[in-house]
Amino acid sequence: MEHGQAACRTLSRIRERRPLVHNITNFVAMDISANVLLAAGASPAMIHAVQEAAEFALHADALVVNIGTLSEPWVGGMRAAIDQAVHRGMPVVLDPVGVGATTYRNQVATRLAAFATVIRANASEILALVGEGGRGQGVDATHDIHQALPAARSLARRFKAVVAVTGPVDFVTDGDRTLEIRGGHPLLTRVTGAGCALSALVAAALAVEPNPLHAAAHACALYGAAATRAGKEAKGPGSFRVALLDALYNLDPADAVGDLDLRAVAP
Amino acid sequence: MEHGQAACRTLSRIRERRPLVHNITNFVAMDISANVLLAAGASPAMIHAVQEAAEFALHADALVVNIGTLSEPWVGGMRAAIDQAVHRGMPVVLDPVGVGATTYRNQVATRLAAFATVIRANASEILALVGEGGRGQGVDATHDIHQALPAARSLARRFKAVVAVTGPVDFVTDGDRTLEIRGGHPLLTRVTGAGCALSALVAAALAVEPNPLHAAAHACALYGAAATRAGKEAKGPGSFRVALLDALYNLDPADAVGDLDLRAVAP
Amino acid sequence: MEHGQAACRTLSRIRERRPLVHNITNFVAMDISANVLLAAGASPAMIHAVQEAAEFALHADALVVNIGTLSEPWVGGMRAAIDQAVHRGMPVVLDPVGVGATTYRNQVATRLAAFATVIRANASEILALVGEGGRGQGVDATHDIHQALPAARSLARRFKAVVAVTGPVDFVTDGDRTLEIRGGHPLLTRVTGAGCALSALVAAALAVEPNPLHAAAHACALYGAAATRAGKEAKGPGSFRVALLDALYNLDPADAVGDLDLRAVAP
């Protein structure tokens, strides 16, 4: 099956099966992450306490761990949920927000990366994870996306994970094969949590598409298509965020294929 | 007075008296809860630390306790605020988000329910609270609203509280009398925190309307009328959320009565 | 240079230099604070844990400390970040949300105020900080803005800080000189976190304009101009929030000067 058609099938399956996505994510991105999942057709839950994270993960379909507003009690919940996910074979998405900015963040991200099915990050974060980033400027990307592709491949091999490095174009790689996704919109960089919400959508895709390379690429392509549509209506980042949720909700699996641009790139 | 007219009077009183609503709520729903309260005319405050929760509750007009993103330090703040509320006779709304999903959540919700003036929840949460839910699928309802009505009545009697079970239609019951509210819009289920925000609005209504059965029903009816109006303009869940806040703000107590549909149902 | 022109230059510099603003802020205002900073052209980061707050503050351009949803672990992070800021000479904005409401809040706000470059607050909070507020009603202003001006001047002298007291008009004072800013829109009081987001914008201005009296006044004027524009399109608080972000993003330094109203007031 062609990649665009397969992405449409992934969207249909999310709508039909309504996967339960367990999010342990940052305070800033919770609202948009939950709303992106609901717009796509998934069922989000945000549950982080160590008293219940593992038990909740027992019944979820996918787990997202996002270190944006890290603290020790939350790391405990992340570890408990990840242990459960690994035990059950449930897919785990790691979003290493702001890795490279502090020693603590680097340590936590590196420890968690070992358990990730997919790592979704921007170029600066990917470079930081392989030790080439220097100091990232906060949580926004300051490196070129193409510069990060070799690092993404190396990271994928080291952690036996799929790595999705997203920006003006997106690359999704398992270290050997790489897919490139075009689409999106520059206003995505002006909406807080837009990248984090994509990580949540990757988790929803993983819950219905067993191939993690494909699932991550499908989520990037669907999100990019919604963003492109939203960009046509938006007057700025406020209306763009509103239009993004509307566009994702209205994306029709039957005719979205023309809007999706996924292709394999040479290794 | 007819129920619709009484609901309009409750809205007028919220606008005039601007009740201070003390919210100890989850991270995902804070933004929409505060914005719903402001749009309706109330004054929200989010204060959870055990160092100040009881002192703040001393001057508030109503308290909301929502267990969506539960953790031990927050339970401490909830208990402190509830103790103060009980001492002062201040109304308390409990929103038992996701009860049924974990043992910890069940324990906390059951302990807190004993102090609630109103319990506002979806069908699956109500069934879980009476031990009939089985495993809820996360925080979204997976049971039919009519199936939950007998459980809501039983719960109301057990805890001597008003129970509002909301969904495609809403039922508000004190165990003996039951009111049914029609209205709302299906997109409410696609906006994160929409139910939690209704719990906050119930608290605002309780601050100005002494009969808790009526206060809860009025809040459901006003919110439902705003949602119906919002649904006429919305293109998806993003624009629906925006339009919901606008509609609530623009709801005119003088002419909203025609949009409200509350009726007593046979016991 | 005339004040309006200088404010436009501050906006240009934020767009060009993209200052990294370190926010330790409340849960309710994180989303709108980050989105206001992104719309203006700055780069926000929300990092609060004591394990990394000081290290992150080492590379930031300005720090915001906001006590809206206070708790002990967060106060630890605030202190660590402030120590670093003082050490480096990085500007610090304090937003003492809800001060006056509880003893704990009063203690923390007073301790932190000693380190602030700018204190941004509403009239009730300013009066509470000088011990004249009585009990504030939650986090919303219940005092007149003109009544708070003498208190703002006294506070500025006591803490050797600039004080911005904002409301229907804004006053920015260093105790000797005072600037008055007109603009804004009444719907700002119906959007949660709108004041907190202005505090974040003040921090972005401080990162590019060395005079803190001017930086704070510029941020108030730019925010007020965006709010005035947003108010012309908005149908209520939902659409106002969306339009505010769009207007801030679209504010053109080359022609915004006509929309800005800053003037010196007699001492």
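Things worth noting here:
Each chain carries a letter (A, B and C) given by its place in the written order, and its residues are counted from 1.
One rule holds for everything that comes next: contacts are C-beta pairs under 8 Å (C-beta built on N, C-alpha and C of every residue); 3 or more make two chains touch, one makes a residue touch a chain.
Keep in mind that this is a model prediction, so the values were computed, not measured.
Steps from chain A to chain C, taking the shortest chain of touch contacts, total 1.
Taking only C-alpha atoms, you rotate chain B by 120 degrees to land it on chain C; that is to the nearest 5. Between chain A and chain B, the centres computed from C-alpha atoms are 32 Å apart.
Those residues of chain B in touch with two or more other chains are numbered 27, 31, 241-242. Only residues 20, 22, 27, 30-31, 34-35, 38-39, 43-49, 51-52, 55-56, 59-60, 73, 241-250 of chain C touch chain A when the two sit together in their complex. Taken together, the chain A residues at the contact with chain C in this complex read 26-28, 31-32, 68-72, 98, 101-105, 135, 137-140, 189-193, 234-239, 241-242.
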